[in-house]
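A, B, C, D and E are the chain letters, set down in written order, and residue numbers restart from 1 in every chain.
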Amino acid sequence: MSVFFANLPEYAAMILFGIGLSNLMLAKNLVKKIIGLNIMDTSVYLFLAAKGYVENSVAPIVSASDLGHIEHTLYTNPVPAGLVLTGIVVSVSVTAVLLSLIVRLNEEFHTLDIDEIIHILRKRDREDLK
Amino acid sequence: MNKEKRDRLYAVLCTVLTIVFISVMLFTVEKMPDLGRADNPDINEVMEFYVEEGPEETGALNAVTGMILHYRAFDTLGESCVLFVSAVCVFILLRIDGEASNDTLVAIDRRYEPTDDPILTQTFKLLVPAVFMFGIYITMNGHLSPGGGFSGGAIIGAALLLFLNAYGLEKTERFMSSQLYRRVTTMALCFYAVAKSYTFYTGANGLDSFEGAGTPGNILSAGLILPLNICVAVVVSMTIYSMYIMIRKGGFNK
Amino acid sequence: MTGFGILIAILVPILGGALVPLLDFDARRAREYYVFAIVLATSVYTLSLLSSGQGSELVLYHLTSTIDITLRIDRYGSIFALLVSVLWPLATLYAFEYMSHLHKKNRFFGFFTICYGITLGVAFAGNFITMYLFYELLTLATVPLITHEGTREAKVAGVKYLVYSIAGATAAFIGMIAILTHGGSLEFAVIGLGDAATPENRRLFDLAFLFMFFGFGVKSAIWPLHGWLPTAGVAPTPVTALLHAVAVVKSGVFAIGRVVYFTYDAGYLAGSMVQKIGLAFSAFTIVYGTVMAWKEIHFKKRLAYSTVSNLSYIVFAFLLVTPSGLTAGLLHMMFHGLMKIVLFFVAGTVMHQSGRIYVTDLRGFGRAMPVSFATFTIASLALTGIPPLCGFLSKYAIAEAALAQGSPLAYAGVAALLVSAVFTAAYLLTICVRAYFPPADFEPWSLKSVKEANLYMTLPLVLLTAAIVLLGCFPGALQAFIGGVVPAAFPGL
Amino acid sequence: MTQLFTLLKISDGLAIQFGADGLGRMFLCLDTVMWILVGIYAFKYKEHMKHTKRFFAFYLLTYLMLAALSMAANYLTMYLCFEFMTLLSMPMVLQDGTPESIAAARKYLMYSIFGATLGLLGFFFSAHYGAGTVFTPGGLLDPAKVAGNESKLLVVAFLSIAGFSAKAGMFPLHAWLPTAHPVAPAPASAVLSGVITKAGVLCILRVMYQVYGASFLAGTWVQKALIVLSLITVFMGSMMAYGEDLLKRRLAYSTVSQVSYVLFGVFTLHPVALLGALLHVIYHSIIKDGLFLGAGAVIFTNHKEYVSQLHGMGKRMPVTFGCFTVCSLGLIGIPPFAGFLSKWYLAAGSLSEGLPVLSWLGPAVLLLSALLTAGYLLPISIHGFFPGEGEKEAEGKEAPFQMLFPMLVLALGVVVFGVFAQPLADALLRIAEAMF
Amino acid sequence: MSLVQNVPAFSILLLMLCGIVCLVLPRRAARHLADCAIALVAAASVALLVYFLQGGAAYTYSMGEIGAPFGNELRAGMLEAAVATLFSIVTLLSLMGGRAHLRSDIGRLKVNLYYISTLFLLCSMLALVYTNDIFTAYVFVEINTITACGIVMSKEDGYTLAASMRYFIMSLIGSGLFLISICILYAVTGHLLMSNIQEAVAQLYAQGEYRAPLQVAIALMGVGLSLKSALWPFSSWLPDAHSSASASSSAMLSGLVLKSFIFLMIKIFYRVIGAGIVRTHAVLDLLLVFGILGMVMGSVNALFERDIKRLLAYSSVGQIGYIFCGVGLGTPAGVAAAMVQVAVHATTKAMLFCAAGGLMDASGGSKKFRDIEGAGRRDPYAGVAFIVGTLSMIGIPFFGGFITKLSLVQAAVTVGGWRNLLSILAIIVSTILTAIYYINVLAIIFRAPETAPTKASEKLKEEWKKQVRLDTEYEVAIVLFILLNLAIGLRSDQLMQIITTGLSMFG
């Protein structure tokens, strides 16, 4: 049981990831899908942040006076932080593109349901063939 | 199989899949290194190097900034490019093509939200200068304290949006034209790319570079990190603004 | 003569054929002169090559370090080339008349001539990959000929043919590569497996043999892979006759011969399980084909099933892996080509002159089309195996080879041969009987409009029938020619 | 055979060769005589037929093939002639063009070709195991090659003999005979029954005595099986004939039975029995031709086909019925008519051959069959001449002379060969002894 | 360090820079800049390839003065150089081949944006090819996804938008799994550079530590990347996306984008995890099975398709299956076969998509079978391209497809057990199906219009009669594509040598 509590944030991250994933797959509404996607991304940040954490340590911003004799055990791992940063930027960009895409889809099909959109397209195809 | 049944089957399958996925991942996590232990595999020479040698070598007290803009600058260049291409994609999607007159642009402005709320407008007017200042500070001090180009740029972008909403399109677009956006973004990214190309080239070929660490702790220190932070901030803020304007009305003023 | 001569023989018809649709002849006369000139020139040139260029070789291209595209004239290939180059001009002549009522003639003759070149390519291929190349091309070039009529039935037949052939070629290809990968050689000039045939590799090589046997067995219509052949009969008769009775199916048989004698050798195959499997399948196909032919009443399909059966004679003979088996198979390959093309031509002539396609509709045709049915009867007797026509000779040779080999399956093959002979008589001679001895209630005026075909069609028939009789009586030269293949296939002897 | 005429040499071991030995000469003579007599008859009978040119063309071609078959000097030639004889005689069967005749022709063709194919099997083996190809008394097998393969060869010998026996109408390949003979025109039936069935006998003689050799087969299961088959056929043919009403079919069944007498003699592998067989070949040809011509005459002039229609016909056609009666007596084997002597030799040969059971069973069956023969033939004559009280007598007239002449000649032959049989028997004995 | 070794970094940076600059350039200039940049990159990649062919060893290129394990790194070997050459050449030819369509499909103001997307797309693919840092890979994977959607979306109609949406969602699930997997790997090894991870993984495996997380990471990596590279059954978005996009976009997407992910996967399996470990992992079997299913199912779907571009897209699903089959076999020969197929399919499918564009031009813009009857006669370049494509797909010697089949079969017959038979059967079945539908296409596009009963509308028939204006660029592109295909078929020894040497440089 100790192990379980020790990795609690990771567990939370994984469950969140699952929730996001199922949302992405199951939600009909595209906006909800994107929310699911964001939950997924966020869970990864949580996971990464938890991985970067070291007990009894602070963010890796050193003071100028310490230069030359920095003890790395005092600080958390900067690498996951950098990764989280990148992840956030990517997720923001993707979200923006997806939202614009949704705007266009809504203009085109007047619906936010991806199944319905596909349905409309198939119908168009069939009419085309007639 | 009719559509409903198929949907239900799909839902059940997805749920099962998710549950399986979560259980596998939980199992995996249990087998992974414990949280926060100092002897975890990721606390290794790399981390040690970034924290202990990094500030001295790069001149950036913030080890994260030093890492992302110096050691892993290529990643960060890629990140900026992600922003750039996502903006390009938003343009592709939303930009109203052809000889759309200003009138059409104004006509479709804010289709989905109320305009000119006085309370909001006034509050924005109050906040804008402070937010701008804050964003610039975060950017400029990115190598010394928490923050950096991305966060600063985001704040500046937010300030731009506030400005737009406080003073209206007409005023804003006097300076925020499509040309400005394009030129500034291009210049910032080009500078970033060219500068980093230079350091990559010198670094990889073992040549001396002009880049110096300076005195750690000063604003003007840490070599290229400060200019790069500024570039990143510019790109981020411009991207945020442009995306907003695209979603809002499908194009800049001519 | 350098090896380039071979290339010329292959390329002239291919390029000349490709030009036919491009030149887009309007006048029948011009097209006929052109096509016949090309075909005849190729035949004459090929025959001269066969007599003077034995052993010449041309390495066309090193495809990979282990795979060359090589053309070579060896005795085994020469036999096939001889058959093809003799039959093609005659079939072309026949086709001129047969196609006179059909559309898209330029396309037809284009592909028809291209097939000539490709078939020669199969004959002159110096190794397996080269043969695979031409083999696949042959499939592709014949598909437009099968679907020529453009009907739904034709399309279905085309697709069926394509499916079977491509599957076969791919399977064979996999077999080849398995051999190549495990140290064998794909060159025909050497004993392919060489030192690679170790006991450890034996299982793999056995499998590879089965892949190749059944792969090439598609074109040679081994049961249960024969299904495409009867349906491909929807093609215009010159195609059915020349390609599906001679060129295409014989290339399958030819390839099996290559596998048996020039990759695996007698030492490997004799007494092996795979030989038994091959013998069993071919013996069964011999019986199956004749029984099906006997049950079939569609004229061309009946002949197609007869082809199924007769091809397995050849395969069976090849699989005996004895010198006499090889020569017997080759002899039947030649003779069956002659006989079957006559039979098909007559079927086509009947279709062309009267539009009848069922054997039951042929009452009294012997009187209406005397030349055609005379040739048909002779060819039927030959195929049934009546001496001294040529079919007897090859059957005799096969039976003797089987007896000499002496294994139980060889005896079963002889039995199959005899059963097949009975059925062959049943399905062919009944046609003759019906044609010559119509029942009493037959009204001759019903055939008033049916005339004997003109010289375009009868001349090839008569020439080929003469060949059937003469080769049956005086096979010495041909047998000597075929016998020349033995030293190459059995270097130990 | 000393003098060989090679028509065509295809390759080593494959040649079309002819030669004249005693056996061949005997068959050739028989064929020729019969052909002439039946031909004369057919000139009249043709008024009854369509396509007469065709009939005579194939009549002559069949003769050609029979002659060639008699002279064939090797297996290949024999097989070739046998096949062509089948093919060329087949048009005579379907002469009438009725559906039955076409079906019968097809049946005839298929049985014969099946038989010939089995014969071909024998050829393959004989070519493979033979020392040469030319028929040699005592067999042409190469003992060196045969050694160790005897059982295989015995099977093949059985199959090829059984194959050729299809032509001779031996059980189980007899069924074409009663179908084909009734539908053919009478001259055709006559030669089919009287002569062409003997071609089968000739082939069997060649295979047994001159390919495998009597010594190779003597005492083997092949011989026993063949004898049993022939005896079954003898008995069965007679029984079937006894129950048959259609006259020509009754005669056809009779042929089935009688040719198997010959085969019994052949299979016995004893010179005396062989002599009997050869004698019976000749006698049966004469007799059966006579019977068929008589039946044909009835059909031709009075259109009666069934035995039951013939009551009192003897009075209307006394010459025909006279000849018929003489032939019947000959076939039954009443001395001094022709059939007696051959049956006598058959029985004698069989008894002295000494096969257990079969050597006495054979003569017993022959005797029984002779009784049956009497049972199915004599009533025709009896009812013909003595229709009995209350029976409705058939109407009709006598046949034309052109038809009566051959019948008379044949009836005369039955008497003459019965009474003055010694020169013939001597000649045939020489032939028979030369076979061993 | 010789100058030519800077090629990897500078081709990526050059493309990036040009992409950025395109934003401010006039349309025509942007187009020329893009063409020149790609051509330059192609030339440079060739130079790099030549460097390796002349005996250069694989090297790492640190991005900045600090190398492993601290900074970003690129790594170049013969295979990378070859793939980069292939990618840049095919991109250039695709742009040329579809230029006429770009004019009509892309809005006036968006031309620059299209070229930006293209440049960044190529840039990201090259980065994926060269990178030695797993996280850099993630970043460029995202660029790749976004730009790929960009070039699809730039032809704005309902189909492309919906297809992009589906592609995005599928792709983002893939990226999510990929990212999680990177996190796990980082957590258990503490490294992001591929070579360092490999060392650490090898050590962990030797010690038996963290076995489960590693296994899960490998599986997630495989699943994530195969989601992105349209392994069946994750390929439902592909036909829509590839068939509705503009010709150049389809060519690039089908020809290259999917391959870059596959290359990344191979790289991760063999460089990050290590061949020995991956071979013991069930993920290869999974890939093999699904690759085989893809080979069959893609072809089956294509069989029933009545739309030329959708047919080509389904064919891509099948052909991707070949690649996965090769990868799934797990032997070096299998991977080599997969790489051959990458090259062959990249050139062939890109050519066919360009040619399909030509067919559409010759048929009034329709891509339905009934409308393109006889189009091969009206546009002989497209016709010849389709003949070459068909021959190649069937596997006639001298053409590229033959080499694929050859190497794949060679790989298949050397592995044991069920893999062997299953893949061989799949090859047979898929070859048959491929032959059928491609020959069907040939029959349609070469049908003589005067004899064939055609269902095309009168309007289209009018269109057919118009003289089709072909542009030189398109013709040149098609001819070069054909030559490329033939070159692969004819010089396969060199290709195989490059691939095998390249793979041996991988470790």
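As a working rule, a contact is a pair of C-beta atoms (placed from the backbone, for glycine too) under 8 Å apart; a residue touches a chain by one contact, two chains touch by 3 or more.
The shown structure was predicted, so the numbers you read here are calculated from the model rather than taken from an experiment.
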### Touch-network distance, chain B to chain D, counted in steps
3
## Note on the structure
Listing by label each chain that touches chain D and chain E gives C
### Task
Compute the centre of every chain as the mean of its C-alpha atoms, then state which one is farthest from the centre of chain D.
B
### Query
Based on Cα centres, what is the most central chain?
C
### Query
How many Å are there between the centre of chain C and the centre of chain D, using C-alpha atoms for each centre?
44
### Task
Could you tell me the distance, in whole angstrom, between the mean C-alpha positions of chain A and chain D?
102
### Task
Averaged over CA atoms, how far is the centre of chain A from the centre of chain B? Could you give it in whole Å?
15
### Inter-chain centre distance, chain B versus chain E - centres from mean C-alpha coordinates, in Å
30
### Query
Touching two or more other chains, which residues of chain A qualify?
17, 21, 25, 51, 79-80, 86, 90, 93-94, 97, 101, 104
#### Entry: Inter-chain touch pairs (all)
A-B, A-E, B-E, C-D, C-E
## Note on the structure
As the complex stands, chain E meets chain C at residues 391, 394-398, 403, 405-406, 409-410, 412-414, 424, 427-429, 431-432, 435-436, 439, 443, 448, 451-452, 489-490, 492-493, 496
#### Entry: chain B partner contacts - residues on chain E that touch it in the complex
1, 5-6, 9-10, 13, 16-17, 19-21, 23-24, 61-66, 69-72, 107-110, 113-114, 116-117, 120, 123, 127, 133, 135-136, 139-140, 142-143, 146-147, 149-150, 153-154, 156, 161, 180, 184, 186-191, 200, 210-213, 216
### Query
Considering the complex alone, what residue numbers of chain A touch chain B?
3-4, 6-11, 14-15, 17-19, 21-22, 25-26, 50-55, 59-64, 67-68, 70-73, 75, 77-82, 85-86, 88-90, 92-94, 96-97, 99-101, 103-104, 115
#### Entry: Interfacial residue positions of chain C with respect to chain E in the complex
61-65, 67, 69, 103-104, 107, 129-130, 132-133, 136-137, 140, 143-144, 147, 150, 159, 162-163, 166-167, 170-171, 173-174, 177-178, 180-182, 204, 208
### Query
For the complex, which residues does chain B have touching chain E?
24-25, 27-28, 31-33, 40-47, 49-50, 57, 70-75, 77-79, 81-82, 84-86, 88-89, 91-93, 95, 97-98, 182-183, 185-186, 189-190, 193-194, 196-197, 199-206, 209
